[in-house]
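Down below is the structure, laid out as structure tokens.
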Amino acid sequence: MSRFAEFDFFQWATFVMALLSMTLGAGIVAYLFWEGGPFIWNQGSQFLLGLDWFPGEEYGAAPMIFGSTAVTILALVFSTPLALASAIYTSEFLDPRRRLTVKGIMEILAGVPGIVYGLLGVSLLSVWVRDVFNLIDGYTLLSASFLLAIMILPTIMTLSEDAIHSTPSEHRQAASGLGLSKMEVLFSVALPHATPGIAGAILLAIGRAMGETIAVMLVIGGLDRIPEPWFDVFSSGQSIASKLGREAAETLGFGEHWSALMALALILFFLVMFLTAFGNWLIKGFRK
Amino acid sequence: MTRIQKEKLFSGTLAFLTLFACSILAFILFAVFSRGLSALSWEFISSEATDFGSKGGILYQIFGTLLLMFASISICLPIALGTALYQTEYLKSSVWKKAFKIFMASLNGMPTIVLGLAGYLFFGKFLGIGVSWLTGALILAAMILPTAHAAILEAIETLPEHYQETSISLGLKPNQRILAVVIPHSVYGIVTGALLGLARAGGETAAIMFTATAFSGVSIPQSITEPVATLQTHILVLAQEATNPTALANAWGAASVLLGIVFFLILGAKAVRSRLSWEPEQ
Amino acid sequence: MNENQFDIKIENASLYYGSAPVFKQITHYFASKAVTSVIGPSGTGKSTLLRTFNRMNDRLDGFRAEGTVWVGGQNIYEENVDVYALRQNVGIVFQKPCVFPKSIYENVIFGIKRLQPERKKDFAGIAEQALRKVSLWEEVKDRLNQPGLSLSQGQQQRLALARTLISKPDILLMDEPTSSLDPRSARAVEDLILSLKENHTIILVTHNIGQAKRVSDETIFVCNGEICESGPAEKLLENPCCQETRDYLNQGR
């Protein structure tokens, strides 16, 4: 490369901007490690497996880890069949114009702010859950997973649809040329082709569900306890994100309590990053 | 059952489920607007909140949300554009290109509550701006950076290679090429990125609830170190008073306004994406 | 013959893409103010060779040139070469006409508008001159403000040529400039090449043997990473000495 030196304002300006964003990304990750890392290191299993969380005395993250996992899995159970069914129908049975309409609807649905879901959850969903299942109140793991199911529906639907739709038309034609019906083409060609993409979509959705704070915080009940028995979804609970949302204000930046919260945040960050990276890798992998 | 019957049953079931998925949006719109529209009036959006939000309007909340949205996008956009340009036009090393991807992904994967808290410690505590709208705007700028960056990057990367080659072959320097080809072609990406970023910033609550907002007693901030009220946090507080019917009505009203703002921006981004791009080649 | 009479010479040059050499130790002096056509099987790096002369390959990650490449009396792969000035002196026309989604006029002055903004008031005259040179002026003079993409492919290619000629290059590189054109437009471009060689040194990559015969003075045949054969076009194309060249030419018939 030539060293023909000349001041290029753009090069410098864009370099500074790029440096800023890198520092921002790296800085926050570094901070989480710096603040939460030693805490996890020192407390170890006492933190990760501990069942009780009393600020100042002991910090057990198990109920939160359980809560996040439980609501996310339940949300997937509700959301995935619906999302896949509409993805398949949209990709395989709808004409291009209607297809874009459905995808547009999903895009808008994805834009509904978390706080609006929270409001719907507090004033409608939790009441229904309470009445239908005859509970004392409706702030339960189940309510939180219903909300999350709706929130991740567009993610799974849109990305899976892209994956199914990207099946090469030669493959489809070859299959339908053998006399296979639309449904048979779908199961023998399109779905196998789209499987990694669908898996990636689900992982990204899990990442989103784990990180969601406000809507979950409003309906999950805020109880730092693993339910008895553990599969009692009608019990209140707590997710990592909702824990952060509820308690961070009490202790902004100070002491052991804060370090414990940042340790939770670090765990959350790792989970989300891992799921997102793996999901993106699957989605890109099948495109090649 | 014959094959054809089976297929009919199958596609029928799928059609029903698809319709159901789409009707969720209709349900949300109906649920929010049917309750919110009764609270909405000129008076509601043009007067300030009283009695801790259970009475009065949401004037300063609207102002605060808009202020945070526009301040954050003004901070974010130059950084997103600069980063995308540096990455595509100047950066040669593939190792660094990968590093950029990883850091942007970490920023994108960062749960917003964590971003808010870490951002508060840095901007609010360390830089001493405190709980203020500027802190909030900076945090939101960091939050929407990956969104805006991705939209701009996609636009730049879809720039046909021969446009780049032609401008290089004419002897244009990188900065001249950026102005002549890259930016004009990417305008739609910049605009979509900005609109989607605005929509995300407008809908975000967790990142700003402890860091930028105060619930009552705030009007228009007089300096950069003062907090604002926002629609999001207003709804958050009112939602927790679910037993008070007037408070709840006001929450629905505020939610209608918020949904209106966010949808307007998303639809705008969709329209721009299809219109503003350079005409395709034959 | 004095060495400085050559606008372009390559001496012991090896071109690498990644670790594999595309060309090994090639040497050739290109005739000045004449058309040299480069022919050879697909995938032998004819375009890579062409793009070496204005350093367009710099953009490719992993491209490397060894040896010397002289353009206009300067070793262009030395340090401190002003590549931007080099590229203004060495114009290139690509296989597919590249027309920006702008007006015809804006397309013609695309480069000069950014490179010499201070000459703004001369642009109209310069544009007319360039369009006349490529015999496009009569066809477009009444619709300079219409989109460049409204022109036919052949016209678009001549427009691209006009845009290149504006910076008054001494050397023109042409990378299969007619392969995406219909025969009539292709002829028009060939006529242009013949008229331009009076003032320009032209290197033309082509797959069309007939075209090579019609327009070129010299021809080089490349294959297997080297220049197998070079010489006056007439002789090389009618009566090649090298077996590979013979095979290649026979395929085309």
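List of remarks:
Just so it is clear, A, B and C label the chains in written order, and each chain counts residues from 1 on its own.
Convention: a contact is a pair of C-beta atoms (placed from the backbone, for glycine too) under 8 Å apart; a residue touches a chain by one contact, two chains touch by 3 or more.
Here the structure is a predicted model, which means the values were calculated and not measured.
Comparing the CA-atom centres of all chains against that of chain B, the greatest distance is found for C. Note on interfaces A-B and B-C: more C-beta pairs are in contact across A-B. Of all chains shown, the one whose average CA position lies nearest the global CA mean is B. A separation of 53 Å divides the Cα centre of chain A from that of chain C. Mean C-alpha position of chain A lies 17 Å from that of chain B. Chain geometry summary: the mean Cα position of chain B and that of chain C are 48 Å apart. Residue positions of chain B touching 2 or more other chains: 92, 173. Those residues of chain C in touch with two or more other chains are numbered 84. Multi-chain contact residues of chain A (touching two or more other chains) are listed as 1.
Chain B meets chain C in the complex at residues 92, 94, 162-173, 176, 179-181, 278-279, 281-282.
By the touch criterion stated above, chain C contacts chain B in their complex at residues 54, 56, 59, 61, 84-88, 91-92, 94, 96, 98, 100-101, 110-111, 113-115, 147, 149, 160, 163-164, 167. Interface residues of chain B facing chain A in the complex, by the touch rule stated above, are 3-4, 6-7, 10-11, 13-15, 17-18, 20-22, 24-25, 28, 31-32, 78-83, 85-87, 89-92, 99-100, 103-115, 117-122, 125, 142, 145, 149, 173-175, 178, 199, 202-206, 209-210, 232, 235-236, 239-240, 242, 248, 251-252, 255, 258-259, 262-263, 266-267, 270. By the touch criterion stated above, chain A contacts chain B in their complex at residues 1, 6, 8-11, 13-18, 20-22, 24-29, 31-32, 81-83, 85-86, 88-90, 93, 102, 104-109, 111-116, 118-120, 122-124, 150, 153, 157, 181-183, 207, 210-214, 217-218, 241, 244-245, 248-249, 252-253, 261-262, 265, 268-269, 272-273, 276-277, 280.
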